Amino acid sequence: MPEIDRREFLKIAGMTAGAAATVACREPVHKIIPYLNQPDEVTPGIATYYNSTCRECPGGCGIRVKTREGRPLKVDGNPDHPLSKGKLCVRGEFGHMRTYDTARFAGPMKRVVDASGARKLEKITWDEGMTLLVEALRKGSSKTVFLGGAETGTQDALIDQILAAIGSPHRLRFEPFGQEALRSADQIVFGTDAVPQFKIGASDVLIAFGTDFLETWLSPLANQLDFIESRKNGKGFAIFVGPRLGLSGSNADQWLAPNPGSEVLVALALASEVAKRKGGGPEALRGLLAKYTPASVAEKTGVSQATLEGVAARIAAASAPLALPPGVEVQGTNAARFAAAVQILNVVSGAVGKTLVFGPDHNLGKLARFAELRELVGKMRGGEVGVLLVHGSNPAYSAPQVGLSDALHSGNVFTVSFAFAPDETAELADLILPDNTPFESWGDGEPVRGVKTLQQPTVRPLFDTRPTADVLLDAARALGASVPAGSFRDLLVAAWGGRASFDAALGRGGEWKDVAATSVSLAGGVASLDFEPAPLAGNASDPVLVVYPSHHLYDGRLSRVQALHEIPDPVTKTMWGSYAELHPETAAVLDIEMGDVLQIKTEAGELKVAAYPHDTIRPGVIALQVGRGGLPRNPDAPLEPHSYWQRDVIGVNAYSLIPGKLDPQSGALAWLSTHASVSNTKGRAPVLRAQLTFDQQGRGFGMACTTGALAEAEAKHGEGHGESGAEEHHRFGEWSNPHRLHPLPLQGDAAHLPTRQYDPAADAHPDSPYRWGMSIDQDACTGCNACMAACITENNIPVVGPENIRIGREMHWIRIERYVEAADEREVDVRHTPMLCQHCGAAPCESVCPALATYHSKEGLNVMVENRCIGTRFCSNNCPYKARRFNHWSYDWYVPEPENWALNPDVMVRAKGVMEKCTFCVQRINGAKDLARKEDRHVRDGEIATACQQVCPSNAISFGNLRDEAAVVTEARNDVRAYRVLEHLYTRPAVSYLMNIRRVEEA
Amino acid sequence: MGSGKRTAVGLVVAAVCAVVAAAGATGLYQYTPEELTGPEQPIAFNHQIHAGAITDGNLGIPCLYCHGPAERGWNAAVPAVSVCMGCHQYVKQGRTPGSEQEIAKIHEYYDKKESIPWIRVHRVPDYVQFKHMRHVQAGVACQECHGPVQDEKRVYLVPQTRYTKRSFFLPTAKLEMGWCMECHLQRGATDDCVACHY
Amino acid sequence: MAAITEPVPQSPNQINDDILRVLEPPTPIYVLMVLFFATLVGIGLVAFLYQTYWGLGVTGLTHPVMWGVYITTFVFWVGIAHAGTLISAILFLFRAKWRNAVNRGAEAMTVFAVLIAAMFPLIHIGRVYKFYFMVPYPNQRGLWPNFKSPLVWDLFAINTYMITSIMFFYVGLIPDLGAARDRVRDWRRYLYRALSLGWRGSSEQWRHWSRTVLHLSGLSTPLVLSVHSVVSWDFATSMVPGWHTTIFGPYFVAGAIFSGIAMVISVLVPVRRAFHLEAYLRKEHFDNMGKLILLTSSIVGYSYGMEYFMAWYSANPYEQMSFWWRGFGYHSTSTWIMISCNVLSPLPLWFKWCRTNVLWIWITSIFINIGMWFERYVIIMTGLSHEYDPAAWGYYVPSVTELTILAASFGLFLTMFTVFLRLAPVIAIQEIKELWYEDRAHGGGHH
Amino acid sequence: MAQVLGVMTSPYDLAAAVRDLKGAGFRELEIYSPVPSHEIEEALDRGPSPIRLLTLIGCLTGVSFAYFMQIWVAYDWPLVIGGKPFASIVPDTIIGFELNILLGGLFTVLGLMFFGMWKTRKGHDAYQPGFSGNLFGCLVACHGDQIPRAQEVLRRAGSSEVRVVEG
């Protein structure tokens, strides 16, 4: 680990009790390091919050960062922000962890070749670094290229300005998921290459063509907020068309899996059928659509005519349908045409202007196309590039097809990387001038037109790093180029109209105004288009290779965050590493079993990876997730019992299997372009999965009701509800039981159970003002894992590493159980049941603990006093929900500097040998109670939000005081869909669930 | 004969052992001299002069003047160096011999832009979440837990033992759980484990 | 009555000679044995320290299987500890003569086994250095253990049993220590003199002594039956499928006696051979123990059957799934080992020839010991690995550390027993004599 | 006061001797035997041992202390455990039972230590190792003039050896 100037840090870190382990006396000496100058807004021990912007994907959501004594501890959504609305995704939750990355560059470095000819990095000072840079730029002069990622706002403009000033305005903004196809399609269909707004929230029927709109597509967080909005109490219907049910697919209601490559025909067939049902559709398209009737494509796509017509009928009948253009996983050499076909469907279905709106576009227009990157690399080979400046982009990893590394070598390009942590491209760089991380630097951006967000530092730079914009400014000045005076921050303030308005905006986190929608019309020449399925190279009998983006690691830029590897994938529930997904049928045909090491070979390369058969993928397909197989996270980690995993490369890089074929129209990389020859090496590799089965054995963990039943029940409930008090009550504990059967048919062994409401009169502590309870809406829950992420950062939950995961020792306090009931053309019924400590009224864990380390608090919490625990682990055995976690090791020993600076001081770090579990975020409850006591009142409803509830982008979780009749949670608890898991065991859970809603016609 | 006596001796020895064991179990606490004088601090700060009673010729500065956060935050917050400088940029000469060297040290630290690495004296374990503001707001005097700091030349954990009703009047030393609980019970404060342990 | 082919002691003095001969200075082989067992213990100790330092991560224990080899071994040794008290207390009350030859050895085993058993919960817990949180003693925190917890019941049951059986063992030993004191001439006579507490065999002493023995037997009889019931409640009072059943009490007690007797046989047969005690450990004794084994084996076998029957008959899906896994899941091997060892291997004992064939019954007894260990393993393992939540199913593979400590526990047991052989009469002299005199009396002793 | 020791080889002879001696008016008898013998016990007829009472006391102390401890603890710091009442009597029975046994046993053994070992610790000069082997001894305390009588009775009872022990 690089040397950290700890003293420097502590100066701003404030009160810190550090145990000097070296002291050999009977107790280590604890020191108090006070502030040098105490900032006014900071009270030691009280958190301070700052608005900023999330930089983990181009989405640019607004975040609110919780800091204690100058350390960012927790990231949450900025409630005032139009995109995030106070929520955040699983990736954003860990933004600050990249600042605390153990392996960050401690300062500028230069590449030297030692005697043995090995290239390695050598620490240098900033002055040396600057001189080197200036030298290079002077030599490279007009042959300098700036290769960056998606960037908007002041810094983006400034860089263009600087490049122009030094006379070399070559710049590339490369993103692996660059939306090239969509932009070309819009060009073709509407004559503009903008990336419009897809108003999922306003739609009632949604059809996605392999679009991972809940994972990475455009602004996934906003998409999810909208998606759930559109599905409130049983509304909405979603259809997913694609080879594999991703997170988005799992939340759809119907799944069409046409032959890979032929999805385009499905889109057209639907368009033509919809047009037919809507009276022909626009004149210009009739000729075209006539060619692609369901009947004509049925055989080519493998989707029956009836099914197609059924879906088309639904779309035609919808008031606000919306079709989402293809995601990268189905992006073939016909990508642009495919996207065009989808837009045509939107045109004929009348989505344009209603749910598909141009005007408030996504700011992705300036992104480079893959073809341009390849072209640039070609130039390098040809020696036409002198200096390559890489910032916020990692093509060496995410675009192996272009062969950056040997191009740099052969064209001997002087490469400067501004990466703040090692990545594949930085490995190739000759000079490294580390940038500050987003949490250390100023900035702004405009991800969507009209939404300008600000980004402010929440911690002093931990290492000797400098903002790239300033570095470039200085370099330009050194070159005598005319650039604006002042530092980047000055320019930023200026760009925001001076100090006053800047500070005002900072308070909000930015400024947003509505952008008027612009009307678009069908461009000419659409009719003359012809559409073909994407051709697939390779042997037709082999499975088709599907490579898809990672929900946790995006394109791989987050692969350095351990916790994201350890959170189970929302679909496969696998952790740590890559697995080749294929359908059990295909596996049977190829004689493959779970965990067999497969050799997957395409013209681009070959990989060895463990097989993972599961049901929610189309037969004849083999799927791999990108984002893994990068640099080993911490190659020189100590060889302690379970930390050595850090030394290894995790998973394989799936990009390297994609042949470099491009879509001629859009210049996009064809992700779906080949069959892969799969051979079973007969080797075995552990499959690290959180769940051994997706079949809930009819045990009623995730329950569901159909829309029809729900309507009936609500009607009944309306009358029958309320006067239950009059009835003869049968009590067990604090749950009274009006003799009424549950309004909805329960599943599993709970089937015979009556409804139960919480009855304060029967509480063991009638004098206590609070009785905490939670309710989770399974219909809203998409299984996106944001709650797990929030819980991990809030409660100091350790990362245990693959070696322990293999045995099954994950530590997550909340997990999402995934049960697949149906996944086919008729219905997709995948149930996501977040499982956490149920804080049972009659908790089985309590009565078996010999040390009284767990008991029931007056406020209905099932309390775990970790420091009283002696680790008999009986409680875990006796917990039917298996919500308890045991510290097999002293995990806190293994949290390396500076990662442990992210530990939340409000929550103790558990020692080895003790049990731990969900506390309902008792630290937040106590905080709220302190406040209430100070103001001499009771805690108000909504004042406390548990970490999982606060972050949940689906608003699926409600938490509050069951004593409070008006509380949201009380309402949810009395909802007709409410049920308690395993209630027939009489554990009297404080957590109740709302049933999934199956949007199907009664058969 | 001899073996009879041996029997007697054996029984007596057993009894003695039992008594000793019992005494050990009650956890009688021995204070080491080091604890009785308090550790050597980087700067020989004298609480008596600063906070001692004015009637005794001391300055009588109220605790919260320097330890303000105690009533707002979790930590009592050893004051920032800037707070010391607030006075000592003018007060360069104390009334005790050798004080000017000590005060000079403050300036040294401040000019070096370093904070003073004080040695911690009052400390509860990491698994105890102690919030100063709750106690200050509830009107608990600082001295209740910290002892008569205003009379201490060098801060130390004043040995004080309570005999708590709840645990058969066993002795419990300062800042031990029994010690906290005794006060909590007397004042009718919470006895919920999760009030402090989470 | 069994045809007695072995020699018969001619006089009370010969009894002294024969039995106290065991105490004579050790042979090299004996020393080597002790060293070997002691080494096992040493290795186990290292393993335990390793575990204490790094944490239970070094075991195979995991979520959801939080109990494994340690608890298995704990229950196993508690079971072993039952034979002694059973033989000396219950059979004493029933005045079963054949017990006299084996009771001393059995009681010694009881003491050693229960000592070892008592260690395992401590080895098992996550923070052994905090074990005293379980013990109710006045402390400054004002905190107490949870008396509703089966583990605290365990703490009391095991310790009561340990103390009681040590007292029982020692009281029974006193007269023989007196005899040893009068006979042994080396350094040990000081030991015996101290331990025999001035025993003279005076009528007054005998009077109180017999009364004490009677009462201790009276107290131990319900105790021995209760201890393993309490242990079984560790499982039965939980809600784990496969644990939560009412037959566990009798089922475990029978199993305990079963394994206990088996262990007595496994240990005494070599002793009998090595020290030529054929005159005292007679075939009739093995015959009787064989019958006990048959009885308990049948009870255990019945319980196995009943568990499966209840799983089916209760129509409880969790129970059924759990037992399906038990029979045919990836731990089924253990299940079948347990059934074949505990139910099938004793069957030949229905024939007297097998019961009175010392070698045969010895081998059988070893099978039974293995089988009974696996019984507990199966119950714990299969119960935990497939509980209510299908998403939290898992499995467990013991780690080297655990197995080392398991081996060490046997090492410790054998060390203690072998050392005991040299320190105290392995057969209750005075009881054998009692019998001898009685035989004379009834054998036309006086006309 | 003198003592006469008769050494025999059979408990039955000894029992007979005891009866004769008692018949002859000797009251202070001390018997040494390698085994407990009912005949001798009956012949001596010393009545039941006080240990009986001790055991009872021990048991009662144990069980009552156990219940007291558990119920008192439950209300000393009342915490809801698994939705059960603070003091739940039923599980308390188990520890009640265990302590009942434990203290009963301890008191019994302490009784043995006191009555059997402590009180009988003096005046065993006549003891000889054989008594732990195959010999039975009968020690008669008597005045000088009664010695011959005692010796005679013991001989008649079949003592292999009769001698006078000064004490």
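Every chain is named by a letter (A, B, C and D) in the order it is written, and numbering of its residues begins at 1.
Criterion: contacts are C-beta pairs under 8 Å (C-beta built on N, C-alpha and C of every residue); 3 or more make two chains touch, one makes a residue touch a chain.
Predicted model, so just to flag it, every value in this text is computed and none were measured.
Just to note, of A-D and B-C, the chains joined by more C-beta pairs in contact are B-C. Seen from the C-alpha centroid of subunit A, the farthest chain centroid is that of D.
Once the centre of each chain is set as its mean CA position, subunit A and subunit D turn out to be 81 Å apart. Subunit B and subunit D have CA centres that are 59 Å apart. Spacing of subunit B relative to subunit C, judged by their CA centroids, is 53 angstrom.
Between the CA-based centres of subunit A and subunit B the separation comes to 47 Å, rounded to the whole angstrom. Chain contacts: subunit D has residues 76-77, 81-82, 84, 113, 117, 121, 124 touching two or more partner chains.
With touch defined as above, residues shared between interfaces to two or more other chains in subunit A number as follows: 844, 847, 852, 855, 868. Residue numbers of subunit C whose C-beta contacts span two or more other chains: 142-144, 146, 148, 152, 197-198. Across the complex, subunit D is touched by residues 733, 764-765, 840-847, 852, 855-856, 988 of subunit A. By the touch criterion given at the top, residues 10-12, 29-37, 40-41, 44, 46, 48-49, 51-52, 55, 59, 69-70, 73-74, 76-77, 81-82, 84, 88, 91-92, 94-95, 97-99, 101-102, 104-106, 108-109, 111-113, 115-117, 119-121, 124, 127, 129, 131-134 of subunit D touch subunit C in their complex.
Note for the complex: subunit C touches subunit B at residues 137-143, 193-194, 196-198. If you check the complex, the residues on subunit A that touch subunit B are 7, 10-11, 15, 17, 29-38, 43-46, 855, 857-858, 861, 863, 865-868, 906-909, 919, 922-923, 926, 930, 933-934.
Listing the residues of subunit C that touch subunit D in their complex gives 11-13, 16, 136, 142-144, 146-148, 152-153, 156-157, 159-160, 163-164, 167-168, 171, 175, 178-179, 181-183, 197-212, 215-216, 219-220, 222-223, 226, 230, 233, 430-431, 433-434, 437, 440-441, 445-446.
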